[in-house]
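The same chain A turns up in both complexes below, where it pairs with chain B and then with chain C.
Moving on to the complex of A and B:
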C-alpha cells in the first residue's frame, strides 16, 4: 500500500494496456460476436464455416491494414476503392493460370498498388496537396481505368487462383489466412524500423517529427506505397474469392475500410493505432454481416446497419483514444 | 503600419486570383464550345448550347450546396443518395396524379434538409470526419430508398416539374431562367448576408469565428442541410427531365459536384471560393462531358479525364505551384 502511495503515478502494467488498447477491445468484441453466431448457427465452429469467414474477410482486412498505415501518419487514403477495382478487373481480363501465373498476377497487383501509392505520396509529400483531395483524384482515375479495361461485370479469374487461395492447408489452416499472418509479421517488423517509428511520430505531430530529424516526406511516401501494395493484394484476394471482374468492385471498400480501421482502435486523428486491430476490425464487420443474415435481417436493409456501425465505430474509436490519453496522463 | 499594408495587399491579390480564375473558367468553356464545331457540325449550335446549359443547371444547383460545405472545410459525399431520395419521394408520394404538389414538394425538400442536418450533427457533436459521416448517411439513405421501393421506384413526374424542365419561354427553356434566378440568390446569400459571411469566417478560421461571437456548432449544420436540400431538388429536376426516378439516378453526380467547386477556384481546405466560379466550373465540366461523349469516348475515359482535371486544378490553384516550378527552373538553370 505504502509503495503505491509513495509512487503516485504508477504506469499501468503491459497486460492491462493490451486489454484497454483498441486491439484488445476489438478482439473481445469479435469473440463475443462469434459466440452469438455459434449460438444461432451451430455449424459456426466447423472448419468449413471458419474458412469461409476468413476468405470473406481477407480482402477487406488487407485493405484496412493498408489504410491503417496512412491513417497512423495522419491522412486519409481514398484510392483504396480505385486500386481494388483496377486490380480485380485486370485479374479477370488477363487471367494467368498455374502457380507461376498466380505469382506474376500477385506481383502485378502489388506493382499497380505501389505505383498508385507512389503518386499519392508525391502529390501529398512533395506537392503539398491534402491527402483526401489527392487520393480522391487518384481514386477517380483508377476507377476510370478499370471501366476502360472492363466496362461491365464479367471475365474469369484463373482457376488456379480461385481454387487454391480459397482452400485450406492440411485441411485446417485457410490459405487466405496466411496472407493476413504475413501482413501482421511484416507489420510487427516494420514498426520497429526507423520508418515505422517515424510513421507514428509524424502522425502525432509532424512539426516536432521534422525537428527531431524524421525524414517526413520519405516516411509519408513509404506509408502510401505500403498502403497501395496492401490494396493491390486485397484486390488479388478479392478476385480469388469472386472469380470474376467488376469495375466497381472496390466501391464498397471505401466505407468499410474506414469502419474497420476505426473499429480496430486506430483514431482517425493519427499518431496511434495498430494494423492488427484493423484486421480484427475488418473480421468483425464481415462477421456482423453473417450474424445479421443468420438473425434474419433482410438484405435490403444491411446498408442501414453498415452506416450505423461505421458511425458507432468512429465514436467508439474516439472514446478509446480519449481513454488511452487519460491513462497516459495519470 | 507595414503590417496593415501587407495584409491589405494580400487581400487584393487573393481577390485578383479568384477573378482571374473565374474569367479563365468561363473563357475556356466558350473556347471549348467554339472548338467543338471542328469535332462535329452538330456541336456548337445554339440548340446544343442550350442543351449544355440545361445539363449544367443540375450541376450548378447541387454544387452550390457542395460549395458551401467545402467553404467550411467539409466534404459532402451524400449528394447522389439525396438526389435519389428527392426523386424517389417525388414520384412515389406525388406522382403523375399531382396530389398536393404545392405542399408536398417543399415537404420533401425539408425531409432532405433534415437528413443533411443529421450528417451535420454527427460531424459537429460526434466528431466524425465529414466525408465519413456523409458516406454513412448516404449508405443509410440509399438502403432506405432501396427497401422502400423494393428495388423499382414507381410513378412518373408531377406536371409542375414537367413544366419546369420541358417548357420554353421566349425561345429559352424555363429551367434556364430558373437557374439564373438561383445563381443570383446563391450569390447574394454567399456574399451579402450575415450567414454567408459567417460561413466564410468559419471556414477561414474556426477559433477566430468562435471568438468573434459566431455560434460555430449550430452554424456548421447549415451547409450540410442546404446541400442536402439542393441535392433533393436536383432529384426533382431529374424526375421532370426524364419523367421518372431510378435508384441510381444520382450516382454519376458525386465527382462532378466536387470537381465543379474545385475547378471554380475554391480551396478544398475551406475559407475561399465564389459561387460564380463554381457556376463556371459546372458549365466547363458539362461542356467537356458533352464533347467527350460526342467524340465517342467511353464512360471510363470520361472518368479518367475528370479525375485528372481535379488533380490538375488542385495543383494549379495551390497558388505557389507556378512559382515553385519557376524557382525549380531557375535553380536548375544555374
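Moving on to the complex of A and C:
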C-alpha cells in the first residue's frame, strides 16, 4: 500500500500508443485488405477504383463519425437512420442546381441534423431520457416524415451535386474524400477544446465530470448536435451517390454505423475512442464488400464476413489493451 | 490581505436538507475562523456528506444560510463555489481515469494556445508547476490518471482542491487511501498560514487531534456542539457522537455455546482491501460486523460469496473447504451459504416480477412439476416463507416494485431463507426500512438462529448490532480490530473501536 506512493508515473512514447490503439489496428486491417484487393483486382490501385471506393464509403464514414461523438459521451444515437432518410428524400424532392444550390442543400441537411440532435440532446440531458429511448423516438419521427415527403423511391437529386461530388479534384483527389478530411480536421481541433475534453470526461464518469466542473448537460447536447450535423452531411453525400431519393435509405446505416464505430476501436461503453478510427472502420466495412466481390464470394456472404471481422477486431483490440494495462500498472 | 475581522471565514446557520421524507440534515450550524482547521465528526449517516455537498455547491439546502467572510454564500454549482474560493477533495474521488493528470488538474477550462485550442505544452507546464508546488514533482502530467495507484489518485484529488481553495478547503476523508499522511499534514499547515479555513472530515481521531483545534459533532443531521479538542476527551466526543440515551444492551438471546459446531470458518482471508481476516461463526450464532464506511466490510461479504476474488486464506462451510467462485457455488458448499445484498434496487429485486416469483426464485427447480412452475405451486411455496418473515399474504401477487422498501426487504430475506442455506450473510439488512419492519426482520433472524442456523451480518446502525448480535467484530482498515462478546457490546465502546481506539475491548484480536 505504501510502496506505490513513491512510484513515478510511467512514461510511454506516444507513437507506440498510436500503433496499438484501436485506430492503429483498424488502419492495419484496412491496408491488409487493400493489399488483398489489389492482388485479386489489379486495377484496385487506379484513381478510378479508389475514387469509387471513397465515394461508396463516405456516407457511412460520416455517419459513423457522428455516432462516435455520442458513443464517446456514453450514449447510443439511433436517429442516424432517420436523419439520413429524411435528408436524402429532401435532396431528391427539392433539388437545387448549381454550386449555390448545392451549398444551400448542404446547409439545409446540416440544419436538419442539428435540429434533430438538439432535440435528442434536450431529451437526454434536460429531461433525463435514456439515449436509446430518446433517439429511437426521433428516428421513427424522421423516418415517418421522410415517408410523408416521398412515399416510394423516386425523385432526382440535382445534377451538379451528383456529378461534382462523385468526381475528383485535379484528376487525383476524390472530392468526397475532402469531406472526410474536413471532418477529421474539425475533430482534431474539437478534441482540443474544453467541450472536446469534457466529452471524454462525461463518457468516463458523469458524476466525477460534474464534480470536476464540466458542464455535463451542455457537453452532452453539443455531442448530439455535432452528431446530427454529421448525419446530415452523410445524407447529403448519400444523395450525391445514389442520385435519387428513398424514404428508407437510412435504415442500413443503423447497424453499420455501430459496427464501424466498434471496428474503429471506440468501445461502446464510452470515455474512449476516436472519430478517425470510426471513419477507417466504415471504410473497412465497405472495402470488405469489394474484396469479397473481387475474390468471387457471393454477395450473400458479405454480412457474415463483416460480422466476423468486427468481432475479431474487437477481441484483438481488447487483448492488446489488456496487455498494455498489465504493462503499465505493475 | 484585508480579510481580517470582517467576520468568520465561514458561518453555517441552521442549514437543513431533506430528500423526500428522509431528513439528511435537520439543523446544522458551524462557525469557522480564518486559518482554522476545523474537524467535522459523526457516525455514518449523521449528515456529513450532505453538508459537504451543500458547501461544495453540488446540492442546494432547503433552508438556512451560509456566509463567507461576512458575505452571503449561495453557490449554484461546483464551478461557482470554486470561483468564490471554496473547493473540496471528495471522499469518492472525482478524477477522470481516461484523462491525463494535467487535464484533470485544469478542468474544466484548459489553457489556450494558438487558434484558441487547448495547448498541450501550456497545460503541461501549468500542471508541472502545480505538481511541483505540492511536492509531487515526480508525476508526469501526461500520464492518464487511470494507471495511478489509489493512493496517488487521492493525492491528486487533494492537490486539485488545494489549487482552488482560497477561502475554504474541505477535505472529506482525505487519508482513507493515502499512504503518506505527513505529506498532507505539511500541506494543511502551509494552507493554514495563508488564512484559508479548512474543514477536515476524518474518522481517525488521532489525525484530528494532530491537525485540528476545534471539532463540530453531527448526530442525526444536527450539529450537537462544537468543542475545543484540547479540552475534550475521546470519551466525551464518542458520547456526543452516539448520544447519551442510546445506551442499550438488551440481547434477549442466550449466546450459542462454545460447543456448537462451527458453521463458517474463515482463516487468514484476504481480498479487496481485506487482509488476513480470521473468525468463526457457530451454529445458532448471530455475529455482527461493525465498521465505518469503506473499512472492508463490503469486500468481506463479497469475497465470502465469490463476487470478489480471494487473494489468500481459506473459507470452510460446515467443515467443507470452499472454493467459492460464485454465489451459486457458495450455496452448494456444505449446508450452503446465502447472501442478502446491500442494494435492493440493483442487486436484489427483479422489478417486473411478482413478489411470489421473486421469493421462490432459488427453488424453482424444486417446485416445478414437469419442468413448469405452476402458479399454484409458486404461491404455496411463497406463502410458507412469507409467514416466517411476517409478510402479509396479499402482497404475494403484487409486482415487487409496487411494495414499500420494508416489504421488499422482507421478501428478499424470505428469498435468502428459502434457498435452504444454513448460513446467511446479510449486508445491512434493515437499511432504509421502518421501525416495525425492523422488528419483523430481527424476529426472523433470531428465529433462524434459534433453529440452528448461523448468521453473519453487517449493520451501519450501532443499536442494531447491540440488539441482535451474540458477538460483534469490528473491522478497521481491512482487518478485524476488536471483538466483543454479547455482554460487552455497547455503543460507546464500539464507536471507539470503529475509529481505531480499542477502549475496553475484552478480546483484541491481533491483526
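As a working rule, the second predicted complex is superposed on the first by the 291 of 330 C-alpha atoms of A that agree within 3 Å, B and C clash if a C-alpha of one lies under 4 Å from a C-alpha of the other, contacts with A are read in each partner's own complex, and residues count from 1 in each chain.
Following the convention adopted for this analysis, a contact is a pair of C-beta atoms (placed from the backbone, for glycine too) under 8 Å apart; a residue touches a chain by one contact, two chains touch by 3 or more.
Because the structure is a prediction, the values reported are computed rather than measured.
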| item | value |
| --- | --- |
| First (chain B), second (chain C), both or neither touched by A:189 | second |
| Chain B versus chain C as contact partner of A:301, first or second or both or neither | first |
| First (chain B), second (chain C), both or neither touched by A:258 | first |
| First, second, both or neither for A:314, with chain B first and chain C second | first |
| Which superposed partner A:147 touches (first chain B, second chain C, both, neither) | first |
| Shared chain A contacts, counted only where both chain B and chain C touch the same residue | none |
| Chain B to chain A touching residues, read off their complex | 75, 122, 126-129, 131-133, 135-137, 139-140, 142-144, 146-147, 150-151, 255, 258, 262, 268-269, 298-308, 310-311, 314-315, 318, 321 |
| Residues of chain A that touch chain C when the two form their complex | 1-2, 4-11, 189, 192-194, 196-198, 200-201, 203-205, 207-215, 271-272, 325, 328-329 |
| Chain B-touching residues of chain A, taken from the complex the two chains share | 76, 78, 123, 127-130, 132-134, 136-141, 143-149, 151, 247, 254-255, 258, 268, 298, 300-304, 306-308, 310-311, 314-315, 318 |
| Chain C residues within the chain A interface of the complex | 56, 58, 78-79, 82, 90, 93-99, 101, 103-104, 107-110, 115-120, 138-140, 142-143, 147-149, 151-152, 155, 179-180 |
